[in-house]
Amino acid sequence: MTKRKIINDPVYDSFLSIDDPVILSVVEHPWFQRQRRIKQLGLTYLVYPGAMHTRFSHMLGALNLMGRALEVLRQKGVKITDDECRGAKLAILLHDIGHGPFSHTSERVLVDVPHEEITLLMMQRINKEMNGALNTAIEIFANRYPKHFLHQLVSSQLDMDRLDYLGRDSFFTGVSEGIVGTDRIISMLNVHDDELVIDEKGIYSVEKFIISRRLMYWQVYMHKTVIAADNLLLNILRRARELNLSTFNFELSTFDLDRFAEVDDDDIMVAVKHWQHSDDATLSTLCRNMVNRRLPAIRFSNEPFEGVETDYFHGTGQLHNRSYDFNDQEIKVLYKDGRCLPISEASDQLDRHFLEKQVTKYFYFYPKANV
Amino acid sequence: MTKRKIINDPVYDSFLSIDDPVILSVVEHPWFQRQRRIKQLGLTYLVYPGAMHTRFSHMLGALNLMGRALEVLRQKGVKITDDECRGAKLAILLHDIGHGPFSHTSERVLVDVPHEEITLLMMQRINKEMNGALNTAIEIFANRYPKHFLHQLVSSQLDMDRLDYLGRDSFFTGVSEGIVGTDRIISMLNVHDDELVIDEKGIYSVEKFIISRRLMYWQVYMHKTVIAADNLLLNILRRARELNLSTFNFELSTFDLDRFAEVDDDDIMVAVKHWQHSDDATLSTLCRNMVNRRLPAIRFSNEPFEGVETDYFHGTGQLHNRSYDFNDQEIKVLYKDGRCLPISEASDQLDRHFLEKQVTKYFYFYPKANV
Amino acid sequence: MTKRKIINDPVYDSFLSIDDPVILSVVEHPWFQRQRRIKQLGLTYLVYPGAMHTRFSHMLGALNLMGRALEVLRQKGVKITDDECRGAKLAILLHDIGHGPFSHTSERVLVDVPHEEITLLMMQRINKEMNGALNTAIEIFANRYPKHFLHQLVSSQLDMDRLDYLGRDSFFTGVSEGIVGTDRIISMLNVHDDELVIDEKGIYSVEKFIISRRLMYWQVYMHKTVIAADNLLLNILRRARELNLSTFNFELSTFDLDRFAEVDDDDIMVAVKHWQHSDDATLSTLCRNMVNRRLPAIRFSNEPFEGVETDYFHGTGQLHNRSYDFNDQEIKVLYKDGRCLPISEASDQLDRHFLEKQVTKYFYFYPKANV
Amino acid sequence: MTKRKIINDPVYDSFLSIDDPVILSVVEHPWFQRQRRIKQLGLTYLVYPGAMHTRFSHMLGALNLMGRALEVLRQKGVKITDDECRGAKLAILLHDIGHGPFSHTSERVLVDVPHEEITLLMMQRINKEMNGALNTAIEIFANRYPKHFLHQLVSSQLDMDRLDYLGRDSFFTGVSEGIVGTDRIISMLNVHDDELVIDEKGIYSVEKFIISRRLMYWQVYMHKTVIAADNLLLNILRRARELNLSTFNFELSTFDLDRFAEVDDDDIMVAVKHWQHSDDATLSTLCRNMVNRRLPAIRFSNEPFEGVETDYFHGTGQLHNRSYDFNDQEIKVLYKDGRCLPISEASDQLDRHFLEKQVTKYFYFYPKANV
């Protein structure tokens, strides 16, 4: 009897059912299980209490969508072998495995290695352990596989990663503005000249997807209070490093994959709780503020803040967001008559002017008391 | 014991609970009950089978939202008397009562009186029957009431009508792209200088609302097949009128409110079924096509169709949509510091260029066989 | 290029995608399209305004579930040929095609032929038109096909019909108590000794399904006010028949399938509106009450009402509901160790005592005024 | 300007809006914020990956429901003063504040004080800090307040605690079987002779609530794999205690509220990770199994397991569940005619036989390898 795992995912009505033994092995791997202890949205739960969901659940969600996408493409006559199917599924399943705790923040202080690189290192190690079962997956992930569209399903402006996280983050934060017509977009996927494209009928759904992503940026990902909390954690980690207290620093030259894989959100939070009792007044104050959610005040502006203090309690920074990236490959629309146009030409409303527009915001955070 | 009516509405989690005897009387009025037999989206159910919802349910839904909005405004310190509350509720409850069957279509053939005018006539008649209980409601509806913002809750670019129908149409069609953060928008409403405004924090939700409305336009309200079906019905009604078969024609000079109030969707569809057996080959063919859902083929284009046939089976037309109407009063955003800016200035992304853009499409429909 | 139809269904997250040309032809058949004009729940919309959904949408929804169920069974190794797949899909698609308007009510006055019989007649006629394409479907529907479990998917205590209508009616009425874990139940289906069974893990979901069905009975299907409305319509049709006004009577001896197929909800409602102006005072009063939703008062009791008036305005009746039918084939649970037990033995809680219990209620309706 | 906090809760469509300064202070209290780091369902996320929701979100959700319930009761004419409103809200807000990490498990090893007692101690300390602002809340919580029904809203068979957690746990696990008609139940609440009762019309919703709770028991709360994981953690904590490694032990005689309040889920998980490297082979093996989710196998039976090994890797236990507790005060139904009956008499289906039935299951867990 085949082993089969059925996993409930509140985001999608349908169950995720896994019976491929290779995929099951990967899901059971300690490095994959570790992602149960890393929240997808870091400190965002301090603003949206529901946002406790993990990278583990996102990676399984992306796998779910990949399965559906491959099925749709096959039904439309796109040739995809069973080995390629498994490869694409494993690639999306593992695409975030290199993330460390609070990676948004920690990459700037703790870890001197980009998470994409760590992901590849981890995939290679798991591949060795599994005698090459991930060969195709790694080729697809690294964009070296001949059928280019498979990589695009994993990483492009319309990949299964983004489709899942937008829907998932929207679901768990309760920000209904981010809801995406996932099912419709997937049913409209197609392949044309080895490129992932969207059928003509899906054009409004893709417009909506681009807009939703932008709205989620400012309403969730770059929410003022989240940025304030991120900066508080950043300064805690900086101060701890300066005092040689942190054991979470990783550098490229001495990078130890196994040690890295042991660190998760829990370790950071326990250290922060511990450092509340530090002799260093700066560190202990910062940590007490974090533990008890006394976050800095923060102001946003369209102009840079100048001549303001910066220390462990005050600071500035900038954020920017563009709906869409022209440097990246454009999303393309396939018409019934065979034409294939980039969305910036196909869309009546989301023209180049709109899509190119980049919004930059500057912020200044400071202790709440002395406003 | 007070009489109380609790009505289930699948669109909103919360029940609609009515205990105001005046509002209950209006809901029980035959002209209001008649709206149970008029579908909100006319022939759209031929494309989206779930879209059978009625104007009756929309009018109650808008009442529900109005109740919540008035409560939010009062909690923020806006002075609204009990009489004004009832007036605003009655105004939104009755705002669509003048609609006839398939009014989108029928106003062009059958009824020579705009539905807004019929609505006012009906409100006045009900008011007389109820000894003036609708006085305030009519003032608010007709925008003659001193507190201007009450009218804006009933009719403006951000009124309870639009908030309800966008959410409702999205729910029943299953087009998740149209989902609006209704609850969030309502919780962000405010009044400034007697104008309905939105609190600063609600800006992204309003952006999303504008975008959703535009997407619903092309994905639902002006869906190709819906336009094809509308034109088929239009030509049936035209032909029947020409043959002096239609009893549904209403003209301003002889307008009879009571007779008008007897006609609903069912009458039109039964007539169409009946005319399938007409001696007139044109009419009978058109009617059989409608009853059996053999809809015309249709093409959309950015340029007008020229030199094409137009008769009862072929025709052209144009559609246009703008996200937002500058002629109308602009949606305004109220900042914490007291400034109040139109959304076209307040929004980083939905600038004037975007908001002003009007999309016009031309269509040509023709029998499916002879493509 | 294959023709493909994608249909939005708000009840399920996933689209219904049809590309089988036989199934597409059946969906396009006038008799199938006619079901767009027959509401699934008759007059229930007078209590739950959202309940305007049609038999058309239910039949497509059941098709959707059948597709998923067949896929699950195949993945578990159950042998189902492509012809059987199509047959089971067509059987469920057409299982309700013989329903007339308000069939709950009309079968008692208008139509002297049970709807199951009409369904079979219609399937046979369509089969003839389509040169035998429905042969397997008819065998499955009529329970003459060797693989018995295929019929059970169409008609049994756990069939795709019930699964769809419970979820659908719950969705459109907004009665969340009726929500069923459709997806979970389907994923737990299996076949054992040519019988449709449920895997051990699905036992709680089946318990919930039985309970939900019972709750929907009293909260929706036999809601007091719905019963009152049904009886009002019943008496209208009776009176009209007596006066030889009705053209909707069908008898077995002279049954005319084509004429029957022309009648739908709209005809009944238009006749009722027309009869408001009848010379017969009884009929015109009843009809005005219906059109303006002045429904009779109604009382329920555990004992029969005795010695009460019965005429066109007063009457009695009885309703009964059992959670589960022992005369029907029992739902069976398949254990990992190979045992297969009826749910009445497998369930810890829903024992025979619970499942056998039948609830009977008696009602008496009478004009609201003279209570 | 009043300070106001608006909190998104994905479980409910409506926002939680708090503007009472006392409630805001309590929410900002470090002991309340600490509940952000304690998961509502302990290790259940190992089976249902979505179940990462915290006690913090549950306590706010219960506050939300309490606000709605008080409003409904006031609208029905029940006299509730503003002080009582605040008291009831604070009581439900704090009803779970004494929970420690994995309290289901830890109360059996770590903490020798029942969580209800700790809750009361914490409420009293916060009350002292806030100069008696919690006086009424504590009276209500401890069931010493004259208006008894206020305590019943906080703790009874139909309290806001259960209503929230059933809905919440169902939402985050994705087990749709647990969905409760929360809004309907709340709208049907009433008070009769100082007792919380349910209006006649709400009887089916209460039946559904009782059933849902039971189903959630076996499908979620006592899911086999969750029980296996709980027992693994239990044995880790036992072994660590034996080795004098645990710093999480609390006894009544020396109970230190401040130290207790510093411990949360993160500390336990970091300790478990740390103990993977213990010299004690038993402890290190157990901990590696936990971290990498290598859970014990487990079997359930209706009979006790006898003659089986019990050590740190094998063990037995029993679970029981009754739908409903007759020792507790029964849920009562208020009829329109003034009668008030316990649900066991009012319900046609959930009779005493059903409600009294208690299900007991026995389990045996053991290492997966040597089955």
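Note that the chains are named A, B, C and D in the order they appear, and that numbering of residues resets to 1 at the start of each chain.
Rule of thumb we're sticking to: a residue touches a chain if its C-beta (ideal position, glycine included) is under 8 Å from a C-beta of that chain, and two chains touch if they have at least 3 such contacts.
Just so you know, these numbers come straight off a predicted model, no measurement behind them.
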In contact with subunit A and subunit D alike are the chains B, C
Comparing which residue numbers subunit A and subunit B contribute to their contact, where sharing over half means same and under half means different, the two sides are same
Between subunit A and subunit C, the Cα-mean centres are separated in Å by 45
Cα centre of subunit A to Cα centre of subunit B, whole Å, reads 40
CA centroids of subunit B and subunit C: separation to the nearest Å works out as 32
Residue ranges of subunit C touching at least 2 other chains are 175, 184
Listed in rising order, subunit A residues that touch subunit D in their complex are 7-11, 28, 30, 33, 36-37, 39, 45-46, 48-50, 52-54, 56-57, 60, 171-175, 262, 265-267, 269-270, 273, 291-293
Residue positions on subunit A within touch of subunit C in the complex are 6, 12-15, 17, 19, 75, 183-184, 187
So, in the complex, the side of subunit D touching subunit C is made of residues 175-177, 179-181, 184, 204-205, 207-208, 211-212, 214-215, 218-219, 323, 348-349, 351, 353-354, 357, 359
